[in-house]
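One structure, pasted below without further comment.
Naming follows writing order (A, B, C, D, E, F, G and H), and every chain is counted from residue 1.
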Amino acid sequence: MTETESNNYWQKKQGLDKKGVKLFSQVVFYDWCKACGICIAFCPKKVYGRDEEGKPVLENPDDCIGCRFCELHCPDFAITIKERYPDRRRREND
Amino acid sequence: MTETESNNYWQKKQGLDKKGVKLFSQVVFYDWCKACGICIAFCPKKVYGRDEEGKPVLENPDDCIGCRFCELHCPDFAITIKERYPDRRRREND
Amino acid sequence: MTEQSTRQVLQGNEAIVEGALAAGCRFFAGYPITPASEIAELMSLRLPAVGGTFIQMEDEIASMGAVIGASLAGVKSLTATSGPGFSLMQENLGYACVTEVPCVIVSVMRGGPSTGLPTSPAQGDVMQARWGTHGDHPIIVLSVSSVSDCFDITVQAFNFSEKYRVPVIILSDEIVAHTREAVTLPSVQKIEVFERIRPSVPPEWYIPYEDNSRGVPAMAVMGDGYRHHVTGLIHDTKGFPTDRSEEVNAFQRRQFRKITNGFYEILMTKSFMMEDAEIAVIAYGSVSRSAQHAIIAAREKGVKAGLLHLITLFPFPKKDVDPVLRQCRSVLVPEMNMGQISREVKRVNLTSKVVAINRVDGQFITPTEIYNKLLSM
Amino acid sequence: MTEQSTRQVLQGNEAIVEGALAAGCRFFAGYPITPASEIAELMSLRLPAVGGTFIQMEDEIASMGAVIGASLAGVKSLTATSGPGFSLMQENLGYACVTEVPCVIVSVMRGGPSTGLPTSPAQGDVMQARWGTHGDHPIIVLSVSSVSDCFDITVQAFNFSEKYRVPVIILSDEIVAHTREAVTLPSVQKIEVFERIRPSVPPEWYIPYEDNSRGVPAMAVMGDGYRHHVTGLIHDTKGFPTDRSEEVNAFQRRQFRKITNGFYEILMTKSFMMEDAEIAVIAYGSVSRSAQHAIIAAREKGVKAGLLHLITLFPFPKKDVDPVLRQCRSVLVPEMNMGQISREVKRVNLTSKVVAINRVDGQFITPTEIYNKLLSM
Amino acid sequence: MKDDRYEIRFGGSGGQGIILAAVILAEAAGVYEGYHVCQTQSYGPEARGGRSKAEVVISRSEIDYPKVIQMDLFLAMTQAALDAYFFDFKPNGLLVVDSTFVKQIPSSRVITIPFTRIARDEIGKEIVANIVALGAVALLSRKFSSENLEKAVLSKVPAQFKDINLQALHAGMKAASEVDLSHLPRSIISDEEKEV
Amino acid sequence: MKDDRYEIRFGGSGGQGIILAAVILAEAAGVYEGYHVCQTQSYGPEARGGRSKAEVVISRSEIDYPKVIQMDLFLAMTQAALDAYFFDFKPNGLLVVDSTFVKQIPSSRVITIPFTRIARDEIGKEIVANIVALGAVALLSRKFSSENLEKAVLSKVPAQFKDINLQALHAGMKAASEVDLSHLPRSIISDEEKEV
Amino acid sequence: MPEKVERLRHDYLRHDKKFPHVWCPGCGNGIVLGSLIRAIDALKLEKDELVLASGIGCSGRMPVYVDLNTLHTTHGRALTFATGIKLANPSLTVLTVMGDGDATAIGGNHFIHAARRNLDLTAIIINNQIYGMTGGQYSPTTPYGSRAATAAYGHIEHAFSIAELAVTAGASFVARGTVYHAKLLDKLIAKGISKKGFSVIEIISNCHTQYGRRNKMGDPVTMMQEFKDRAVTVEKAAKLSPEELADRITIGVLTDIDKPNYTEELQKIRDIAEKNR
Amino acid sequence: MPEKVERLRHDYLRHDKKFPHVWCPGCGNGIVLGSLIRAIDALKLEKDELVLASGIGCSGRMPVYVDLNTLHTTHGRALTFATGIKLANPSLTVLTVMGDGDATAIGGNHFIHAARRNLDLTAIIINNQIYGMTGGQYSPTTPYGSRAATAAYGHIEHAFSIAELAVTAGASFVARGTVYHAKLLDKLIAKGISKKGFSVIEIISNCHTQYGRRNKMGDPVTMMQEFKDRAVTVEKAAKLSPEELADRITIGVLTDIDKPNYTEELQKIRDIAEKNR
């Protein structure tokens, strides 16, 4: 692992991307999603693409700025946005 | 008939009193009157007194200025105010 | 409404609209409710085109009020609803009874009580149609079982309402309302349409609630010069409130008499395979269709079954039910309720064996269910 | 409501208030209407003094809604009205049926239909009390005939409503409502009061509409930790909407079963001089008093008459009417309507001779009228 | 028919307090004398306009029919009320009229007392004519002790008017006590024709 | 039972236009072929969410019971609809499935045609899969002339979509015409067990 | 003119209906009836083309006395019947008279919807701040703190402003008067009738029997005097502060705006529909 | 905070109720439900002490999904039931959710009366300008000129302003939001609940299925975009002319006044009555 690589690794672990901004993960419950397209249309960072059925697929997950617009506006409670925290357990094991 | 008397006579005939003001007659239909007292209370010239049952009786009929307040406000359509016109027939006969 | 007879595929609700227009209905006031909404929707489209008026009111109470108002002003009027809305119309329905204002109310029955099963068929509002408003009053309640019925019976309902000066209730159900069938509607010219009798005396002679042999006073219309008073209070022949015993009595009894006078034409039923029947099914509305199917099947098995299909539910067609009860060794009354009409059938003759099939689970009664019962009777 | 028994002269309407308070009623929502207004007026005076709530709503629909709401929140609730208002309450009454919310509705009958004869006595809303709302449902309808009845039956009505989780309707009439009589009301301690059964399992185990032998599920109250859903849609045992045939059926049948289970106590009648009677009068409400007077007089003339006084009108007390029909050679049913209960009597046994006196002219039926009829029978 | 049923009707015009008088009498009978009692009154349009009617039925046993069948005693405060409500008068019944207003009398079994004049002249308040009449009626019925009547009156009138009402009551009783009932004619109508 | 009663059920998912297909078929049967016809459909929550069902009953004589008793022909556009609505299948009935979506088939009397794929690939619009299926169903029922079917389609679709719908109709008919029905197995269930 | 009142009485009151009418001595309803008759007469409207509909209440008894096409409907519903009549025959002039309870308690919804629709109806609302007919229970306009048959301890609810509700809901013409100001009433009613669109004339009236009696102003004269003292014209009111206006009754025309009228709009639709046919 | 949404979903949605819910894809009702849950959570209210009552309509289906004391009443009557509940047990926090038809067509009267009484209830009104549940008939808030299932030729009636009606009728707190502005909604709902007295939160929402489809904005995204574009805050709106505001949706708190609250007033009466006893 080069230094940059290792840096990157730790940054990701701590939920920060390369530029030191926070990272988020987007979880979509496909069973609840009805493919209305709201999350896809209004995401300011175009994080989601649209699959065959019209449901969101992650296209630019790391661009997510955690505004949670999609989470707050999904009429079906089908999206959860979480900060990507370092996995403490694995870190401790490191 | 003195001149004044005769003058008076004609004035009355024409619905004018001594001072040359118009005269009015007040007709009360006692069967319809319910003795509410409105006409008596609000007549600006206190034309009506009140009888035993509380119905209006003419006390100062000649003071009536024809404002028709009583006629307009009698809830029972029990009052008619008319101008006292000269009785044309009798005059012609005169 | 068609100028020429044409073949069409229509829903029951649509055919009610066509029937109403053919009968001369030019006013509809209503409030949407499943499964009756299509009637309002189609009326909103069709009425303006024939110079009529559609209005969606703020609720069913208002709708019923507007319908009575329009009829008083001389326009044949309709409203359509379902159980919850029908419950709300009861007070003004009573007003229409007491003031003898012609109008037609369609209630498309769905599962009850309350919001119940809003999209399921049921026949649970039969007794309500008879007894829903307070006070004694006669009323005409007709049922429909097919798309062509929807047309015909609606015309009939308007005719009765104009002829007898009573509100007429058409009870439909979700099945009839939403089934599409091919029908050939008669041309307008071929339809017998009855118009209320207007006064034919000079206005000063007009006595708005004067009795006559029919018991149905001539009806003046607002604006036609026959000024008179209309009130929901019991009134004398002039239309003025009264509580004098003899006047009240005369008024109340005339209400019943005018309907009794018309029994011959009001009480409508149809017989199917009844000539030699030993078991009769008495049914109405969509269920009569399942019954007919079952009877054919039962006959194939040698069961001599027949159908008495009730169209008029109230006044109860005792005159047709009675002979059936005498003729048959037993009678089956299948209904999508707990036995509202079977109750009436039993009233006609308690000694007959009356069996009931009662469904209140929102499911249509199938021919199989009736067939099995017939075979076991 | 009295802590000690005291002798008072009360109007029927007043005694209903006393009965309600004694039964634990602490909420009244209503809308004034003749001849029921005194109930609201007295409630507005009395309830605040015992920590209860009186509210005059914007109409009868709202009143019925508020009454159901208050009961859901655990407070015994009453409303009172007359025909026109009762018609308006029908929709929400059906809601109370379907959600099994205990509450008591007093309808003081006046002449109908519509505005009718607002200050005259009548009994024209009997069938409406049974059939006024849409959909099949059982219901308990009790009648009152005297001031002491007004107290006792109101207590009973609350008890039934709590015990069976049904709305109970008390039918009074203008005569009973406005007659003042001397009564000795029992002290509160002496009155048997029933409270709805609350759940006795931990909240997570609570199944709000679970069946049991009585057919009456335990009823949690809003705010007591047993969060659940209440809906006018047909629901499963958990209270969630369902249209699954078996669940709907189970629900609907349980409604009837719980009342059938209680027949023994629900069906209340009183007999007067019936032991050796050959002619029976079947009557209810104020008319039963005229009947009793007439019977005494008729007995003096050697006519073996007796009275079956119906207190419960629905479910119809067939079990008590049937033996009377068997025992007597004929039966007289005097009513201030066109024959709403005589209709039910006839249903019990068509072979009996049932004679009716029907007044719909706003006049009370006098003992003389009944007496004359008895002598001619 | 129970023989001890005693039926009283009060008739008068709207503002005369006829109903209050009947209510007080019912209170006296039901609460203080321990009778069974039924009190009813005219209601509705009739009550609104001119005439007003109130009835009290008293009995030692339970009362079935709550209204007057045939009046044992009829108090008429006006001519109009007398004319309108006289129809159920019992043979051998007693008619009591306010002679201040009533001029034409349809029965010879009558007692005439000028209740309104007594109220006006003796008590100084015409408004208590109803209580004057009440006193007379109660006394003539012979069913009430004056003590119980007083209690009933006190329970139904506002505190500030207690004295004047008691005064009126006694004036009425006094006026009635001066009447000799035995001089009244008897009816010849047989019991057969009685209403039930 | 009348023998000429012919019962068709359409099953699919909400957006597939199943009901429109049934309505068109009813129009063709009732108006253009002069049959008696009853068309019904699922309604309410069922219709709102996923599944959708429509039925057409055709007969030369009047139709009493308006719904399917036992299907002569069942068109299933999805697996879910097939599973849910297969229950009334007639012995010797014909099952037609959209093989694009339906994988598990409960009867050997089946014809599989990839309606959706045909619509997508041949017509270029997945949305007209219902009309493709309609063409096949109509042909297989042997009750319709193609002329009348065309008329019915044209009477029910907006002007701008006429051509594409006609194309779809014909594609469906063509696909069905290529099927050899005589090779289908026959049921051994006796008539006795039939539903009424 | 001199015999005008006699003529009006003769022309507009029903001869076969017994007078005096049912209302209590001094009840404002009679004064309103007088104004209504004078307004109709002033507008020279044909009696045959006039409809007067009421709900239930003391006010509801008005139509029976007037020789027009009259209608006494159910409680609160006068406007719904009126809507049907007007739509069925737009050439009729349709008036309603309602009590405050009738119009704004049980009939509140029909009232705001009629205003919203702006159908050409005239609603005369006699606001006596109480339920007269049923014996003095509180209404939606009973003032805070007053006594009523169902508010023995003082009323705890606040009153609607009928006129403001009408304006917010969309009425074209809204005016207020009192029975003390009968001449103004004549004019306001006439204006309301003339206005194309929904017009409301709120009339403050006395129910001394049920309201006055309980609230220490037990006779009609006292109550009328109060109306006189508290009234202030719209013009004067404009110059007063809210505090100064607190206890006043603003009388005159409050709103008079032009809006598309329902029947005209309906005709447009009919034209489109007939073309599409 | 990070797992907040998960926790909310877990805490407030009913696990024994099948999801996804009944509403159409993209229906604003789901967004409102989310805001409601967040508002309740933010206020740290006990679920046991919360009541959510609805009428009938798509909006009426909301309560069934939420783990509170829930009540699905009759069409238009939610506020009447809520009134009974609150009066019977004032310690409960009682919310209602209604559609525009539910609240202002059939339920219009209860709405204005609840506002007048100022009982401490919170009314969330989801205004999608149409009857969703019954298939797109016009409602009292359907804009002039729009198409609806009963207005094929363009609607001829004018819409109520729900918020203005509430203010005129007497509500203490009135706010407006849109489903595009979910965060604002959270706050408005929380404020409404906290307010002692009658609070109204009007939420402009999309029924693309019934309204959008007929009016050329057939999908939720287009409609939400429109809400975004047309919205203007109360603060900004204050600076705009009526013309500039014509087509805008003013969002934020419109009215927030302190008035005597019904339950407190009632207690006063009880105190007097008990003393008099």
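The definition used in the following text is that contacts are C-beta pairs under 8 Å (C-beta built on N, C-alpha and C of every residue); 3 or more make two chains touch, one makes a residue touch a chain.
Since we're looking at a predicted model, the values are computed, not measured.
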Subunit G to subunit H, fewest steps along touching chains: 1
Top chain pair, ranked by number of contacting C-beta pairs: C-D
Length of the line joining the C-alpha centres of subunit C and subunit F, rounded to whole Å: 36
Between subunit A and subunit H, centroid-to-centroid distance (C-alpha), Å: 32
Intercentroid distance (Cα basis), subunit F paired with subunit E, Å: 87
Whole-Å gap between the CA centroids of subunit E and subunit G: 44
Multi-partner residues of subunit A (at least 2 other chains): none
Subunit E residues counted as touching two or more neighbouring chains: 44-45
Subunit G residues counted as touching two or more neighbouring chains: 56, 72, 74, 105-106, 108-109, 113, 140, 153, 266, 269, 272-273
Complex contact set, residues of subunit D against subunit C: 61, 83-84, 86-88, 90-91, 94-95, 97-99, 109, 111-120, 122, 124-125, 127-128, 130-137, 231-234, 243, 245-246, 248-249, 252-253, 256, 337-338, 340, 343, 346-347, 349-351, 360-363
Subunit H residues within the subunit D interface of the complex: 14, 16-17, 47-49, 51, 53, 56, 63-64, 67-74, 77, 79-89, 91-92, 109-110, 113, 266, 269-270, 272-274, 276-277
Residues of subunit G that touch subunit H when the two form their complex: 105-106, 108-109, 112-113, 116-118, 140, 153-154, 156-161, 164-165, 167-170, 259-260, 262, 265-266, 268-269, 272-273
Subunit H-facing residues of subunit A, complex: 31-38, 41-42, 68, 71-78, 80-83, 85
Subunit C-facing residues of subunit F, complex: 1-2, 23, 26-27, 29-31, 34-41, 43-45, 47, 63-67, 69, 195-196
